[in-house]
Every structure is written in structure tokens, then in C-alpha cells.
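Common to both upcoming complexes is chain A, partnered first by chain B, then by chain C.
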Partner chain A sequence: MLVYLAKRLAYTVPIVFSVALVCFMLVHLSPGDPLISILPADASVELEQRLRIQYGFDRPLPVQFWIWISNALSGDLGASIANGRPVLSEVLQAVRNTLLLACTAAVLGFALGMFFGLVAGYFRDSWIDKLATSIAIAGVSVPHYWLGMVLVIIFSVQLNWLPAVGAGPGNWSWTWTHLQYLVLPAVTMAVIPMGIITRTVRALVGDILSNDFVDALRAKGLGEGRVFLHVIKNAAPTAIAVMGLQLGYLLGGSILIETVFSWPGTGFLLNTAIFQRDLPLLQGTILVLALFFVFLNLFVDMLQAMIDPRIKRG
Partner chain B sequence: MKPVVSVRDLTVSFHGERTVHAVNGVSLEVRQGEVLGLLGESGSGKSVTMRALMRLLPRKRTRIAGSIEVDGRDVLAMKDDELSAMRGKVVSMIFQEPALALDPVYTIGAQIAESVVRHEGKSMAEGRERALEMLERVRIPSPKRRLDAYPHEMSGGMRQRAMIALALACKPKILLADEPTTALDATVQIQILLLLRELQAEMGMSVIFVTHDLGVAVEICDRVSVMYAGKVAETGTLANLVRDPRHPYAQGLLSSTVLGARRGERLTTIPGAPPSLSQPPQACSFEPRCRFAVASCAIQRPPEVDLGERRMARCIFAEKTASEKIASLQPTPA
Partner chain C sequence: MHSLNTKTRALLGGCCLAMALALQTGVASAESVLRIGMTAGDIPRTLGQPDQGFEGNRFTGLTMYDALTQWDLSSAEDASVVIPGLATEWSVNEDDQTKWTFVLREGVTFHDGSPFDADAVVWNVQKVLDEDALHYDASQVGVTASRMPTLRSATKIDEYTVELTTSEPDSFLPINLTNLFMASPAKWQEFFDGASGDDTAKAAAAWDAFARDASGTGPWIMESFAPRERLELVKNDDYWDAGRVPNVDRLVLYPMPEANARTAALLSGQVDWIEAPAPDAIAQIESRGFVIHKNEAPHVWPWQFSRIEGSPWNDVNVRQAANLCIDREGMRDGLLAGLMAPATGAVEEGHPWRGDVTFNITFDPDEGRRLMEESGFSAENRLSVKALTSASGSGQMQPLPMNEYIQQALGECYFDVELEVLEWNTLFTNWRQGAKDPASLGAHSTNVTFATMDPFFALVRFLQSGMAAPVSNNWGYINEPLYDELVEKARRTFEPEARDAALAELHAASVNDAAFLYVAHDVSPRAMSPNVQNVIQPKSWFIDFSPISIEE
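Showing the complex of A and B:
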């Protein structure tokens, strides 16, 4: 197990480096001068020049990359051009919010998806299966920004039960004052992973049930409840792998939902950074998100290796 | 002596996109401590009969008629909890492909212990002790280590030994073996057969052993039932059946194997193919392939002819031996 862990950790080093390089290149290849957004229209050439040197935009790209990456390694991602605050604290704050939202949505989606998938697979072709499958198809097909707006109209505007936007006043706390802000975006976000997990698990259960060992379990006198338990344990590794990928998408692909609900997470931050051409902020956010993906996959691999003995360790 | 397994006129049909009449009136009898071989080709209904004995067939699509009595109890009338109490405790089963019949994500020890916990109300730790005992009994090398092994970490022969240990953990009266040696290579096959025979004698179990391999049946069975198209064509002691088969299918089957054949001589084959089972048979299923068939064979189902000494053949010519039948063919030109 330790050898496996060490190996997987070693693999992440070149991946992280390439990711950093690519996101640096992408940002600098895109058109537009980062200074335009902060310079007043009548700024002198001198001022522009001074700022350019101050931010280091005058140096050759490889040098800029080197400075950026070595600073990044020591935890300094530079300062935002738009508001001058350190990128790292901005990003970390946003990451925390996104994590909160994505994890809530993932837990919700995974729990519901596992439930629907297991039930649908076990009672294949029954009305329960048809119901669960319909929910799953609706889940993956409905555009979630649209669903988000519909939910806002119903629960915020019409019923006035839940707030429509933001993450609540001040710092986050686990109280209803803040939690009520989480409900609508989390539910909206959970719908897609729920649909995908449902479909995956339903197919998996079908496969597992067609195995001889299910007959063998019944043949040794286990009741259906116990057999079901074996089915769950057999389905879990794959379901977790799929969920890991989904969590990745939720962390990175939440721009639309965060924008609809003005949730102050990384998606929202990226959106702002792009529109303000805030290069340091953009680079920092992308890098942190990419690192997230890498470590998330690592974590999922470890988890799988722990549950399913057939995945080779070492 | 009262039989421990008694099957009367069992019919099993599957209904779905198409209908298959897999078993059409099978009667079997197994006494205490007896090994009955179910011999037949693929699709003859041997495995279906076995699964019907434990009611393991998919409930929705299967229709079962007739009667099955195991250890004096009517299996077809059992409720779910009675069924699961019987399975593994009174009747156990081992399967053709042990790699697929063991749960891949549980250790061998846990799988055996689970059965002991289920039937004897013991703790998991006591279950593991029994598991260790059983692994020693089936002579798995370094059994202590194997307790925590997963099925994929063992060889085919070892897996089948583990499967046997699992099936016998609660000392069942009856063991159903569904081609347990077919997936193994020849040297391992004979080891498993010897082990089964030994354990059967030690525990006084009754065994129904399904196989398509006459050579395997010869090694282990006391009595044999030859199945064809969902029916028992002939039943008798192994010796009787091998020396003096009475049903033309059994005769054909025997003369098509190397058993007792002379070197350099061609083996005979049975012409034609088994019938489709989409309709329940109205006449003798073997009639189209039978060289002794007469007009009445194609019209009505042949009776079960009792030949004494618990011997039976389902053929109107059952009284005649093979050579007598051939002799009776001589006058009419071929």
C-alpha cells in the first residue's frame, strides 16, 4: 500500500508541472492587455510602463514563468491586478466556498444516486426501476442553470422559503442562517451526479446480479438482505471512481451555478478574473483547481485500492 | 429405505421472449450416502434440475410443476425463510466455475464464516475457526494464510477446494455438484474428484453430481441417470448402465466414448442434433435420431419401463439389450 502511494505521489510531480506550464501559456496566449482594465483611459505612457515593470509583464515569457512558478512553490501567487489583494488568500477563500458547495452536492448526489441505482438495478423492469431511470435521465438532461433559476423562482420568489443569492452574511458558520443559502445551489448541483451515478450503479447491479456468485450466495442460505449487501460492496469501487470524477467536475465546472446563485466560489472568481483580465488571479485560480483534480484522483485511487482487493497494490 | 431426495415428474419451463421447456417430467431418487450422477449433454436440463432442487431459478420467468421432496420436506411449498434455512444447511451446492461462484471482494474466510454464522448462530470469530478447520479438511496448503486471501489470489483448483469447504461448512446432508471439475485441468480434476469422494464417505452425504463427462461419472458415482431433452432416458447403477445400457441414447452415448473402445477402431456418433425445446414433447424426444424407432415412437411418449433393481429406461424396447436390438434390425434391409 505504501509503495503504491509513493508511486502515485511521484507520478503527480510531472503532472503538476505540466499543468502549471499549460495554464501559464493559455493565459498569456489569449489576447488582451491585462493592464487596460486598471489604467485610466488617459493614463500616461510612463505610468503604463512603470506598472508593466512592476508586474513583470515586460520580461520574456520564460522568465515570467520561472518567477511565477518559483513564487508559487513558496506559496506566493502574486497579487490581483484588479484589487491588489494577494491571489492566494482570494483563491483559498473561494476554494473553501466551492468545496463546501461541491462536497454537499456530491454527498447528496452520491447518496441519492446510489439509492436509486441500487433499487432500480435490483428491481429491474419494475415500476420502481422505471421511476428511478426517468429521474436519472431528467437529471442528466436538464440544463442546471435553468433548473437553478426555476428553483429560485419557486422557492425564493413564490414561496419565499429560501434566499436566492449569495453565501450569507460575514463568515460561514454551520447554522441555519448560512445553511439556508446552501440548499438551492447544492440541490441544483447534485442533480447531474445523481443521474450519472444512478445510471452507472443500475447497470453495475445488473452485471453483478448475473454473476454465478449471487446464486452461490443464495445457495448458502443468505437472505435477500444479505445478498443485497454483497451487491453493494461489489458495486462500491466503481461507483466511488465515478463519483470522484464527478466531484472533479463539480469543483471545476461550477461556474454556471455559482454565477446563477452568486455563490462566492472559484467559478465565480474565475468569471470575475476573466472579465477583468486579472492575469495573476486567473492563473492562480486555474492552477489551484488543476492541483485539486490531481489530488482528488489520487485520493479516489487510494480509496478504490482499499475497497477492491483486485486493484493491485505496490 | 426412504430416499433423502425424491423428485417426481418435475417440469420446468422458462417464459420470456421465447419459451423453453427445459425439464419435461424428471423423476429422481437419491438415498442417504448415495452418489447419483446426472449425465447428459448441454441443454439436456441437468443444471436446471439441480437449481430447481434449491429453487434458485429466477422466480418471475420460471414455472415449476411436479414435486420435489428433500429430507422429507416439500421444497416447492416452502416459504422464503424456510428455503434460505434449508440452503447451505440441508442442501449445499458447488458450481462449475469457482472463479465466478465466489464473491470477489470478500476473503475466503469471511465467505465461509458467513455461512456458519447464518446457520448455526455463531459469532464471526467462531465462524472463522470453522473456516480454518474446513480449509484444512479440503487440504488447502497453508490454510491459515488462505483465510485472508481473496478468490483472485488463488489457483483454479484451490478455489474449487475453497468452494467445497464453503459448501460443506455446515455439514449438509445433500451436496449438489454442478460440473465442479469441468473448468479444471485434468490432473486437478482427479484430485478434486478423489477429495469429494473421500469427504462424501466421511460425512455420509448424498451427492448429486452433474457432468457431461462419462469418465468423470465413472470415478465418483454409484448410480447414474442419463438425461436427454429434459427427461431421464435411463437410470441404473453405474455398472449396469456401463455394461448393459438399455435406452438407445445411453447406448449411443457409451459407444461414442473411448471408454472400453478398441484401439484403431472408429468411435460411433449419434446422428442428428437434440430437439428444440420450445414445445413440450408429445412423443419420444429421441425418435428422430433413433435407428430402432418404429411408427408408434413418433406418436406417443414412451413409458418408463421398470427393469427391477431400481433400474428404469424410458423406451418401448427397454427389455432388449443393445445387441438384441441390433439383431432385430437385421431382417429389414437398411
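Showing the complex of A and C:
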């Protein structure tokens, strides 16, 4: 297991470096001037040149990348061009908010997805299966920003039950004062993973139930409950892998959902950074999110290896 | 007459005291709060020089800070003009017109209690212009220095008099100075002294701390600040202008970049006021009893013509014809649901820079076609023009539908318009690259909207030949000796009325020559709850929050 862990950790080094390089290059190759947020288009050439030097944008790209990656390795992601605040604190604050939203949506989406998937797989081709499958298809098909707007219109504008936007006043607390802000974005965000997990688990359960070992278990006199537990255990590695990927997507923050709900997470941060052409903030946010994804995948691989010994042997 | 006994008097007295206390408690708890949803994605910078354009100045500049000069925002009908702010008077030195004397208002204090004086003005000029000053902050330079391009330094004459020096004679300086907000040197020094590290690190830490606990002289005081979430300001009871002490106790600002989210927040009662509601929601907003405020803003939505060799817009007949072939009223009432004002110049009738405009920009397609025929074009010999635009962007309103409307309208006047849609940042960057640059893709016009608060931004940067790319925004390389002469005249005329008259000459000359395709002015729509009272929306990007009250 330790060898497997060491190998997987070693793989992450070139991946992280490549991610950093790609996100740096993408940000710099996209159109627009990085000084756009602090320098109106009518600024003089002298002023523009002065600021370009002061911010280091006059240097060759490889030099800029080297300075950025060296600082990033020591935990310094620089300061936002637009607001001057340290990027790391900006990103961490946004990550906290996104984690809160993503984890809530994940719990909701995975629980519902597992439930619908297991039920649909077990009662395959019954009306229960058809209902669960319809819900799953609707979940993956409905544009979630549209669903968010519809939920806002119903529950905020018409019924006035829940707030339409924001994350609530002051620091987060697990009270209704703040929880009410979480309901609509979390439900909206949970819809896609719910649909995907439902479809995955349904297919897995169907396949596993058609295996010979299930008949063998039944022949040995195991009750349906115990048989079902075996089915779940066999479905778990694939389901966990899919959940890991989905959690990665959720943690990446949804620009659309966070913008629709003005939720101050990483998606909202990215949206602002893109529109302001705030390169340090954009690079820092993308890097942190990419690292999240890489390490989450690593964690999922470890978990799979623990559950299914065949994986680490492979 | 019966006299009350001691017990009864004590009882009555007790009741009165209890009622008084109850009333007082009731009054104290009935704090009035105005909650606003901004279009910004983040709280604009709070350290004195806001980012995010004029929305930044509106919400975190003019609320917490004052400048030496300020905009008169007291009328919805008259043009908003520059009036004294923290300076009570100013004059230019007759012998050396690069030197100005500003007399400061006495008795003004910053929110931290320190006095506003000549030292504070010198310190605030240094923060963006003196690279050797400890408190020089590069991050504030771009948004400030570009708006006062000729200011070079400040010198203290006495406690309440400063001398400002410009690089060349420039009568626009008092207008430019509305953008230099006075932050408290004492508060900054306090943060600097409390920081650790070398001087550069301490200065950066001091500005960061100042942004979270700011101190200006404005009518609102910062109370709490959560980046990307909210900014809470409370009223400054000791504001130097007693007539502008806010009526509302607390002002809460939320960033809400998405128009539908803002609209939902208003309709659900989460905020009392939103900037720029979703245009297609205006009818619903009004039908639910909310109020829309709008007024012609100092903004132009134009086509800026290329005047390089071979451009079809070099023919004045063609430029005038295009201006006559667009039904602006139709665009306003149909396409934009009333959310625009027809543009017949950079500024409209009643503005001091309007001037004697003789080319009447109206909807007259017959005259437009006649002019085109005079230049040799007809239904059989149509003129092909290529126009740059964007799909979105700050101040761009609804660029695609508006351009398609123009495309169709000009089609009736023998034009074949090809629209080239660029990403907003690309279009904006190209504004400085000019029509000759390959990034312009051979286009004959560009479509970047602009503000007209200041004569440099409204006229000079487009019309003066020296402002051609890459110096400034004369994208089309206009080179008219008359314009250059009038710009120089305006810059060197220091008496305000005479300066405005010179600018009016420049404006009238450019409209008569159809220097732009003038299409629309934004109207800065904002929607608010009917409880929000005493709103005066001036013809400005700014608004004064002081007179506003909340009716329970």
C-alpha cells in the first residue's frame, strides 16, 4: 500500500507542474491587457509603461512564470491587481464558502443519487425504475442556472420563504439565519450529481445482480438484505470514483450557480477575476482548484485501493 | 383644584419615565437602513481611490471621501457641474499658468478625528504621483493619474492653502480633481507604525489595513467590510456640510453582478435598491409597485469612425447620412423599452458644452439617401462598411441587438454593414491600438462607449490629432486642424464660463462635421422599493445618498 501511495504521490508532481504551466499560459494567452482593471483605456502611454514595469508585466513570459511558481511554492500567490488584497487569503475565503456549498450539495446529491440508483437498479424495468430514471435524466438535462432562477422566482420572489442571493450576514454559523441562504444554491447544485450518481448506480446494480455470485448467495440461503449488502459493496468502488469526480467538479465551484446566487465562492471569484482580467487572482484560483482536483483524485484512488485490493495489485 | 398626593405623583412620574424610555428605545431600535445591490462583482476598493470605474466612485468614493472639487448632484434637470468641495476657491497663477492656488475649507476633520489641511492634500497627491514617497501606492495610480493627466505635484503654502502644479497650462484641472479623494494621512500612519517588516512591506500592510478600516471626510463612515460580500456604512453626523448629513442611518452595499439575481433580490425584499435591473424585468418590477428611476447619463453609445486613407467615412456626406438614417426614438421605445436617450451629440441641449450645433441629428432617411446619392451611392451601388463591436461589456448596453438595428436602418440608405463581433476585452484593448492595427481587422468603425463627465474624456482624446493611437483613444486617426486649435484654446482658457464656451465650440464643430455616429445615451436605470424616498437622479454617473430617506 505504501509503495502504491508513493507511486501515486510521485505522479502528482509532474501533474501539478503541468497544471501550473497550463493555467499560467492560458491566462496570459487570452485576449486583453492585464492592467485593464487598474488602468483606463485613456491612460497615457508613459503611465501604462510605468505600471507595466512596476507589476513586472514587461518581463518575458518564462521569467514571469518562474517568479510566480517560485513564490507559489513558498505559499505566496501574489496580490490581486484589482483590489490589492493577497490572492491566497482571497482564494481561501472563497474556498471555505465553496466547500460549504459543495459539501452540502454533495451530501444531498449523493444520498439522493444512491437511493434512486439502488432502488431503480433493484426494481429494474418497474414503474419505480422508470420514475427514478426520469428524475435522473431530468437532473442531468436541466440547465442548473435555469433551475436556480426558477427556484428563486418560486421560493424567494413569489413565496418569500428563502433569500434570493448572498451567504448571509457576518461570519457563517449553523443557524437558520445562515442556513436559509444555503438551501436554494445547494439544491440547485445537487441536481446534476444526483442524476449522474443515480444513472451510474442503477447500471452497476443491474449488472451486479445479473452475476452468478448473486444467485450463489441466494442459493446459500442469504436473505435479500444481506444479498443487497454484497451488491452495494461490489458497486462501491465505481460509485466512489464517480462521486470523487463529481465532488471535484462541485469543489471547483460553479461559476453559473455562484453568480446566479451571488454566493461568494470560487466560482464567483473566478467570474470577477475573468471580467477584471485580474491575472494573479485568476492564476491563483485556478491553481488552487486544480490542486484540489489532483489531490481529491489521489484520495479517491487510495480509497478505492483500500476497498478493492485488486486495484493496488494492478 | 385637587392637588395630587405624593404616591399618585410618584406613580404618574414613573409611568411618564417608563413611556419616555420605551419611546426612546423604540426610536433607537428603528434604525433606517438602505440596502443596495450593485452591479460590481466585488466591493469597489475602499482605500480612497476606488476601482470599477464610476460605479466605484459612486459607492466607495463619494460616500466615504471628498475631493477638492465635487459634482453638483442636487438637480435632476440641470447639467451636473463642478462646485467647491474641500477647496472653497481656486485660481491659476497669471504669470505661470501651470501653477494653481487652492484655498481649503477650514474646520473639516477626517472620520478618525484628525484635521484636514494642506499637509493632507500634499500627502494625497503624493500617494499617486510621488514614487519616492513612503505611502506611494502603484495600485492606486492607474485609476487616478489617468483621470488628472497633467497634475504633477502639490506644495503647502500655509495650513489651508496649497499650490498644485501641472505639466502644461490646463484649464481642466478643477474638473479632473473630482477624482482625487482625500484619505486620512494620520490613520494611514497609525497602521504603518503598527505594521512589521521593511518600509515597503509596512506601507503595503498599512494600505491593506486602511482599506478595511478606512477614514475620509465624507458623509458616510465605514463600519464593516467583508470582501465580495458587503460593505456597511453609517452616517457621519458631524459631516462638514450640514445640508448633506445623511437622512438614513445605515447604508449596506452588496455586490450582485448578475442582473436577474439583482432583480430577484429586489422583488423578494432582500434589498431596497438595485442598479441596472434586467431590462426585460422592468414591466414586472413596476407592476409590483417598485419604482424605476432613470435620467440621461453622461455617456455616449457611438460608432467611432476610421478616418485613415481609404475609409468610406472620410466623406462628410456619408457620415451625416448615417446619422440621419437611424430612428433613435424607435430604438428607445421598441428595442430598449425606454432604457436609452437618443444621442444628437456627445452632450445634449442645456449642457454648457453643447454649443451652436447646426447639423440637426434627427431621423430623416430621405435626406440621408440624398446625401448618399450626392456622393455617388445608390440602391445599385451600395457602400460596404465593416463595424467592430462586442457581444457585451461595461457601458455597452445591448451591443448586438443595437448594432443589428443600425445595420438594418443603414441598409435602407444604401449601406451594407458587416458586423465584426469581438470579445469585449479584445475590442477594448483595440481602442488604443487604432484603426491601422491588424487587430482592427480592416474595420471602418469601432463601437466602444464612453463617459462624458470630463472634457478630456468626452472630446479631447477622440478629436485631437496628438491623441491618435497609441497615445490615447483617437482610434480613427482624426486629424482636423480646427479641432486641434479649439482643444488648445479650451485648455488655455481659465475662466470657467469662457472655458465652457471654448469646449462648446469644439463640440459643435465635431457634431456639425458628424465626427461620430451618435446613437444613444445610457439612462442609468435603477429600481427601488416605494419606501425609498427623496431620490434625485441627476444627469450624472453619481448620485447623492444624503437626502434619501426610508418611509416605514
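Simple rule for what comes next: the second predicted complex is superposed on the first by the 303 of 314 C-alpha atoms of A that agree within 3 Å, B and C clash if a C-alpha of one lies under 4 Å from a C-alpha of the other, contacts with A are read in each partner's own complex, and residues count from 1 in each chain.
Methods note: a contact is a pair of C-beta atoms (placed from the backbone, for glycine too) under 8 Å apart; a residue touches a chain by one contact, two chains touch by 3 or more.
Source: prediction; values computed, not measured.
J.: Under the superposition described at the top, does placing chain B and chain C together on chain A give a clash or a fit?
T.: fit
J.: Which holds for A:Arg277: it touches chain B only (first), chain C only (second), both, or neither?
T.: The second partner, chain C, only.
J.: In this superposition, which partner touches a larger number of chain A residues, chain B or chain C?
T.: After superposition, C is the partner touching more of chain A.
J.: In the overlay, answer first, second, both or neither for which of chain B and chain C A:Gly223 touches.
T.: Only chain B; A:Gly223 stays clear of chain C.
J.: Draw lines from the C-alpha centre of chain A to the C-alpha centres of chain B and chain C: what angle do they form, to the nearest 10°?
T.: 160
J.: Examine A:Ser156 and indicate which partner it touches, taking first as chain B and second as chain C; both and neither are also allowed.
T.: A:Ser156 sits against chain C, while chain B stays out of touch.
J.: Which holds for A:Asn234: it touches chain B only (first), chain C only (second), both, or neither?
T.: first
J.: Tell me which partner A:Ile307 touches in the superposition: chain B (first), chain C (second), both or neither.
T.: Once the two structures are laid over each other on A, A:Ile307 reaches chain B alone.
J.: Taking the superposed arrangement, what is the smallest distance in Å from a C-alpha atom of chain B to one of chain C?
T.: 48
J.: With the touch criterion stated at the top, can you tell me which chain A residues are shared between the chain B interface and the chain C interface?
T.: Touching chain B and chain C on chain A: no residues.
J.: Could you list, by residue number, the parts of chain A that touch chain B in their complex?
T.: 211-213, 215-224, 226, 230, 233-234, 237, 307-310
J.: Using the touch rule from the top, collect the residues of chain A that touch chain C in their complex.
T.: That would be residues 30-33, 35-45, 47, 50-51, 54-55, 79, 81-86, 90, 93-94, 149, 152-153, 156-157, 160, 163-167, 169-170, 259-262, 264, 268-269, 271-272, 275-277 of chain A.
J.: Okay, in this complex, where on chain B does chain A touch?
T.: 51, 54, 56, 80-81, 84-89, 92-93, 95-97, 100-106, 114-115, 118-119, 150, 152-153, 163, 166-167, 170
J.: Residue numbers of chain C touching chain A in their complex, please.
T.: For chain C paired with chain A, touching residues are 37, 41-42, 45, 47, 51-53, 137-139, 141-143, 145-147, 149, 204, 207-208, 211, 226-230, 254-258, 260-262, 264-265, 267-270, 423, 425-426, 428-429, 431-432, 448, 456-457, 461, 470-473.
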